[in-house]
Every structure is written in C-alpha cells, then in structure tokens.
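Order of writing sets the labels: A, B and C. Residues in every chain begin at 1.
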Amino acid sequence: MGAAGCFFVSLLNYKTEKYVIAENRKIGILFRLYQLAVWVFVVKKGYQEREEALQTSVITKLKGVTLTNSSETGLQLWGAEDYVVPPNGDQVFFVVTNYIETPNQRLGFCAESFKVPSGRCQSDADCIEGETVIAGHGIKTGLCLNSTGTCEIQAWCPVESGQRPTEPLLSEAENFTIYIKNFIRFPKFEFSKSNVLETSNDSYLKSCTYDSQDDVYCPIFRLGDLVSWTGYDFQDMAAKGGSVGILIEWECDLDKDSSQCNPQYSFSRLDMNLNNSVTSGYNFRYARYYKDQNGETFRTLYKVYGIRFDIMINGQGAFACDMILLYMMNTSSFYRERKFEIINFK
Amino acid sequence: MGAAGCFFVSLLNYKTEKYVIAENRKIGILFRLYQLAVWVFVVKKGYQEREEALQTSVITKLKGVTLTNSSETGLQLWGAEDYVVPPNGDQVFFVVTNYIETPNQRLGFCAESFKVPSGRCQSDADCIEGETVIAGHGIKTGLCLNSTGTCEIQAWCPVESGQRPTEPLLSEAENFTIYIKNFIRFPKFEFSKSNVLETSNDSYLKSCTYDSQDDVYCPIFRLGDLVSWTGYDFQDMAAKGGSVGILIEWECDLDKDSSQCNPQYSFSRLDMNLNNSVTSGYNFRYARYYKDQNGETFRTLYKVYGIRFDIMINGQGAFACDMILLYMMNTSSFYRERKFEIINFK
Amino acid sequence: MGAAGCFFVSLLNYKTEKYVIAENRKIGILFRLYQLAVWVFVVKKGYQEREEALQTSVITKLKGVTLTNSSETGLQLWGAEDYVVPPNGDQVFFVVTNYIETPNQRLGFCAESFKVPSGRCQSDADCIEGETVIAGHGIKTGLCLNSTGTCEIQAWCPVESGQRPTEPLLSEAENFTIYIKNFIRFPKFEFSKSNVLETSNDSYLKSCTYDSQDDVYCPIFRLGDLVSWTGYDFQDMAAKGGSVGILIEWECDLDKDSSQCNPQYSFSRLDMNLNNSVTSGYNFRYARYYKDQNGETFRTLYKVYGIRFDIMINGQGAFACDMILLYMMNTSSFYRERKFEIINFK
C-alpha cells in the first residue's frame, strides 16, 4: 500500500468523522478515542516500524595549507596534519585559526605572569614557598620579584606572555575545504547508503563543491561557507574561536525507493553567546617536546584558537505500514462496515 | 493553558472516573480505554510536542599545575597541556593522576620483562626467532637469557620495568579545576541557553565555584569534589584510575519562562567494579619521540593512570500542550458533555 | 506478576477476541480500539517503565607488537602506543595497518608533487607567486620547474612522494587483540553491570578469548576475527583502510534476574562501498617534530592507513509491568467482567 495509501486512510477517516459527528452527538467519547487512535497511527505514524538503531560512520578530511609569519617565531607552514586536532579524520575536530607561540621553554625559575591575579605580590610573605599559583603557571619559590611585582615560580620558563593576535594568523583557513564521508546503515532493514556520489570518475571529487540544489552528493565544503551559513562571519569567529554544528539528516521512508532517501544538511553555531565576552571563544594549549644534545628537555607551547566542527547524524528509517494495517483490520470490509457500525452503534 | 492546566484536566478526569464507575459498571471497557488515553496524554505528556534533536556543545578547560619528583626521572612539571588527554577541550577527556616513565628507550635487543608469561624461557627452544611475544614488548631473537629467565627480544630497550606508585604522583590533581561550558539549542523551537551566567563581569568566572544551591550558573568544579560526589575517594581512584560521568540535564518545559529551564548536574562513577582487582583501573601508554645529533630515534614511554571524565548532556524541550488539546476537543463543552454521555451511553 | 504474567494477559485477550468477533460484529470499532490498546501495551510493552538514560563507559586496550621494514625508512617497531590513535583507550579508535613515511622534511623550497593537478605548469605564468596550490603542499614561488613540470613551492620539503604499499606493512595487526571493558548503569533502577566476568582470578583475562557461545564474558577479540565477522577480509581492508562497528546490546528486562541481562555483540562494516574506488579507504596524516643542534625544526610525516573501530552501546532496561497494570485495572475482576461486558455491551 505504501505511505500514499496510509495517507488516504487518514483522509477517509477525516471525512467520515465529520459526517458522523453531525449525525449523532452521543457517541462523542468513542469518537474522540477513535480520533486519538487515528492521530497516533497516521500523524505520528505509529503503524510504521521505526528503525532506531541507526549505524553511522563519519570520516573527515581537510585540505589546504597556509603560511604564517609572526614576528616572534618566524615563518611557519600549516598543513592539515598541524591545524586539525585530532588529526585522525574524526566526526568532531578542531581547526586552528589563530595562535600564540611560546618557544624554547625550559624547566626553571622565573616571574609569574602579571595577568594571573594570585601571582602578584608586594613582599615575600605573599609568595609562600611550595604553594601553587591558582590558575597560574607554577609553584612559588618564596620570593617576590620587584621587577615584575609577581612571585618567582618554578615553571616552564619563560611563561606565556604573548597577546592573541586580533586578526587571525590563519585567516586563509576560510578557503580550506572539508570532505565529509558519511555512511548510514539501518541494520533491521538491511539498508545502507552514503552521502557521496557513487561514481567511478576519479576526478569528480577533486573538482566538485557541495550545492544544496545541484550537487547534494558532493560533500565538500569551504570552511568560510560553512561558517557563513550559520549566520556568522568567518574572520570574527577565527580570531577568538567558536563551535559549529553540521547536521546531516536522513529521513528515509523505506517504503519508497532508495533514491528518495537523501541527506539533508543544516548548519548552526553551537556556542551562541557572541556578545558575551566572558564565555565566548574556544582555545586550548598543547606543547611539543624536544631534547637538546645534553638530553635536557625543552618545549614549545602553543595556545591555539579555532573552530570546532561537530558533525551530527540523525536518521530514521520507517517501514512496514502495510503489514500492520492489514493485521489490524481486514482493510476493505473495515471501512465499509465502519460507517454503519458507528451510526448504528447505540 | 500551560502545564498547570493540563494537570487540572488530569485531576478532573480522575474524579469523574470514580463517580462513573460507581454509576454504571457496563461501560467498563470503554472507560479503561479512556483511562489509557488520559494516561498517554497526561502522565506521559503525549500531547506535548517533544523536541528530540537537541543540539549541544561542550567545551572544557582544566586549570592547575603540579610538580612531580620521582627518583628515576627527576623533576617534572605538569600543566593542563600535559595531563589532559586529548588536550583540545573535549566532552570526554582523561586526566593523568599517576604514571610510570621509561626514558631513553632505543630500538635494540634486550631481555623481555619477567612479568610477561609468554616471554619466559628455560632454553633457546622456547624463544623461536621471529615470533612475537604474546602481550609482550617485542620480537624474539631465538636466544634465552639465563640472567633474566626470559627470551631476548628486539624491542624498545630497556623495556618498561617500573612499578605503579601506590600513592598517586599527581595527588595534587585533587585541587585542579574543570570549567565546563555547555550550550544547548532546541532548533525546532528556536530556543537556546548556556550553563554559564550571562555577565559582563570578567572576574566572576575567575573566582566562583559551582554550588548546587547558590551558584548553579558557575560551572567550575574541583576534581576532588566531583569524585567525592560520586561516593568515592579521590586519592584511591587517582592511584589506579577510573571513570566518572558528569550528567547535565535540561528538562525544559518551553511553555514556561526561559528562567525555568535550568541545568541539573549529577555525578556518578561509571566503572563501578571497585573491589574487582582484575577489571578496575584505567591506564594507557603513550610515547614522546626524539632524535639525537646522529638522527637516531629514541623515546620516552609513559604509562599513565588517571580519571576519565565523560560529560553527558540530556535535554528535552516540550511545548504546545494547548494547541493539540484544543484541536482534539472543544475544551469546555467536552468536559460537560462527557459526564452525561458516558452515563447515557448505552 | 512479571513479564510472563504480562504475556499471559496478551494470550487471554487474544482468545477472547476470537470468540467475541464471532459473537457480535457490531462492536467492531470498539474492538479495534481495544486491540490497539492491547497492541500498544503488550507488543510494544507500553506498560513497562523504560529507562532511556543509560549511562555507559567503554575502556579499550590493544595488545600486540610488530616490526616493519620498509626500504626507505628502515626498521620500525610498532606498539599499541604508536598504532592506536588516539592512544587513550577510547570508545572510537583507529589502528594503523599501513603507512607512507616521509622523513626529515624541512621548511624550504622544492617542486610540488606531479600528483597534484593544480601544481602542474608549463611556464612561470602558471605559478603565481603567493598563491596556494589547491589540495597541494605549499605556496607557489612564481617559478615553473622544467625538471618536474610543476611549480616550485615553499613547503615542507621534500614533499610526500611514496606510494601506498599494496600489501599492508602491519599485516601482523590481524593478530593484535582488543580488550573492551564496558560498564552500564540504569540510574533510575540503580542497576549496573559489566561485560567482564567478575572473577578474582588474575590469569583469566590473560588467557581467555571471546566466544559467543561459551565465553561471552571474556571481551577480548582478535582484530582479524572482528573483521572477518563483518564478512570482509582483514588484509584487503588493512591495505586501504576502513571502518568497523562493534555493537554491544543490553536488552535487560529488569523484572527478571540480573543474570538474564547479558551483552550481545554484533559486528558490521560501516563504510560499505568496497567496490567504489573513489570513496573507499581510511587514511590521515600526522607529523612528528624534532629540532636539530641549531634549533632548526624538521619533521617526519606519516600518512597512515588503517581501520577505525567504533564501539556502540545500546541498552534498554524495562521494569514495573505490575504496578501499572494493577493501577489500570483491578486485575482479576477485570478479566471476568470483560467477557460479559463486551457481549452485553449494546
């Protein structure tokens, strides 16, 4: 019968209903109940077997390189192996768009940053030996340094002191592309599909771009487009960082043909407090460790700002309208009988 | 009408019911059906439009540093960039609380650890060349070493031999803090909210602490508190490792005001087999790679023990009680009629 | 009463139904409604309180080492700390099975790879200075190199040029094992369980293997078995990469004994386009950074192919059939009455 058939039943019911109500008000409650049942069955598609355990797999790959040139650290070339964190093609990933680099830190003794309130001091009494600086960089040695007005600490020295660049250093990230491979599988119905055009044409994926009208099966997106579709400006977001959701929805009526089961994309900013300076932005730190000829450890600390992309998959497969309807009623006779039964009911 | 109104309908139904049952036993089944409908509608809130596709974003940031001093490896300073794995502010992360360090491993030949059963030998015949030691560290060379009673292997040498410290080396992790930024969005209702107080006061988040009574919009937690709220001892858990769940629930009745939609936190230990020595604990290994002046690779292997935190977001927005109720029944007349209809039904 | 009792109600209803239909056709609609209610209650277990907020924790650990020997880069020993990405025992992880290594890259000037279409040139005019090579490795310097027919670029040099080995370099990964610790918790019912045998026998987990018949509580799996259970060949998959889902289902009727609540495993390939050369496979790149005596940075770039394992947990606890049934009907009287009521209904 298919979904069209189910819908017809709904219409039929609706017409009969009108007639019957006019005919006989006494059967009101019964009718309300019937209405409820129809609502559950038709509007909420209670008759369809819903597949809930959607199995899904997402593999992502970013392309693009950019050269950054900061006065402190010189030239740096950023490829996907550097700016995608973690680099392993996951469903959730962070793209570095701005950073502060603190190179050649060594374990030693130096002044705490003045930015850390609990590291400031007026005399040694403010710097109790062995105490950790709250939200700071190290352990107090007991000395208050006049030169900086902060406690001396045992830390990775020098401590981070750079300022976040107001213009994102990786502004070119706007032109990086993401390729999102998504596979879905409804195990109960043995149905599976992918969001990538099934073609043997190798060059297709090297030249196409996603287009919600024309090329929905080319899941390659420019980062700048993704952000602009959420209603925000890429360069603004790139400077302080943020979080973007990419939702792929598969609403598949498996009564219909597989070609009717298509992905629908939507894009939204997930951290929406743009004008709230306290909570907005996204950054974290990581370090690269090195050893010199003497076996001494040193490191470069990066504070990176960027955009996290969360790819969310939503899917529902529905099937088997007919079987249950047939089981519940001997279809043809039911509709004929029903009209008279109700009227004669009392 | 709102939720209060819906509840009133439920009460009204309940009273009517009692009366009717006493009145006329014959309509029992109909009444049971009616009861079911009421139960589905009122108790299960079947009339509300439920938002299922909650969109959510979690950003985490840890603060705190500690100095460890182990006899083998000397001083080490642990900042968030080191003890948070992965460091990128994710919803699920691991905090190192204890570790075994094996520095300066080089690819070469050495004795397998005696701890690995399949690496033990009595003669060369037990050490077939080219065979991998099961659950071991390398490939057998064919020699049985008398000195250790184990096969010689090609491996990163020396193999890990340290013992897990019974007291956690990063016992100070108890005082580290987690800041959890959570944004939620019900796309169907265009409703969004965050768990962080909307303030322009920069210093608020630098000084506040979460308090389930007074300061629910300051999502900053001491690690020690988080663990103690699950009913376990932090130092015990820190020694061998474990897994803690932080659940943030948003049960939002969107018929009410946005200020009524608040986060509720709960905390639980997710790996509960505390007294089962075989399965408890959480650890893994990672290595840092270096090259010497000759371009030869060496590495430091870390076996780290710690606590994994899983932040789980649960949310349901419900709305539109009124519309559907109104559609299903012309409210006022329905309740008046109903009483009589049932009684007169036969 | 328990689940068995609920099922009995269902049978009873079914028999009564047959009889009544034969008896009296006029009550058809009422009966259909009743049938619907029974269907919702019994088949769909609408009467049971369903636990939706399953809390779950997964900890994974891989074991196994293998030696690779490629002509360009010499010997390499792969342990779990290297081939598991990320290494932190997560629910979703990637196992390296094949790779291309490009050692000792330095930031400099060299020819773009001929594999990158937009890097090819016939004259300097094709190589506009400062332009990024689309999907390439660096920034054009303005020169077209005759020797290669590609633009000169500023990049990590030399650029990656190796070919993917047709036989996976880590073919031994077939014998690596995964240990999956899964804990579940139904917070509403205060019920929790693990998929690991509760034993104090330390050696049990060192020697057992998963067996769907005999040893369902030993969750240790050979990678080769996991892949073969999805219907694919491990060595084929290992060469280009792929994605495998491991589903653990806990369907727990909490009316029954805890020993009736057992994990069920199923295995499937999540990226199923095997014969589609464009979309199949799974690879990504990462780099290890080093500094030489002069503080100059160099790196080794790895393009790794492998298998991603997604462990998915599904669980439903159901409870409390009795309470609701009792509330909805005074059981014994209901069934006796019901037969007569229906027949006498008109």
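One rule holds in what follows: contacts are C-beta pairs under 8 Å (C-beta built on N, C-alpha and C of every residue); 3 or more make two chains touch, one makes a residue touch a chain.
Computed from a predicted model, the values in this text were never measured in an experiment.
J.: Looking at where chain A touches chain C, is over half of the residue numbers used by both copies, so same, or under half, so different?
T.: The interface is built from different residue numbers on each side, given that under half of them are used by both copies.
J.: Please report how far chain A has to rotate so that its Cα atoms sit on those of chain B, a copy of the same sequence, as a value between 0 and 180° in steps of 5.
T.: So the copies are related by a turn of 120 degrees.
J.: Just the number, please: Cα centre separation of chain A and chain C in whole Å.
T.: From the centre of chain A to the centre of chain C is 18 Å.
J.: Could you check chain C for residues that touch two or more other chains and list them?
T.: 30, 33, 86, 290, 293, 346
J.: Residues of chain C touching chain B in their complex?
T.: 30, 33-34, 37, 40-41, 53, 55-57, 59, 61, 63-67, 75-77, 79-82, 86-90, 104, 172, 175, 177, 181, 183, 185, 187, 192, 194, 196, 198-202, 204-206, 288, 290, 292-293, 328-329, 334, 337-338, 341-342, 344-346
J.: Of all residues in chain C, which touch chain A in the complex?
T.: 25-26, 28-30, 32-33, 35-36, 39, 85-86, 92, 94, 107, 117, 132-139, 154-156, 243, 245, 247, 266, 268, 270-273, 276-279, 282-287, 289-291, 293, 295, 301, 308, 310, 312, 314, 346
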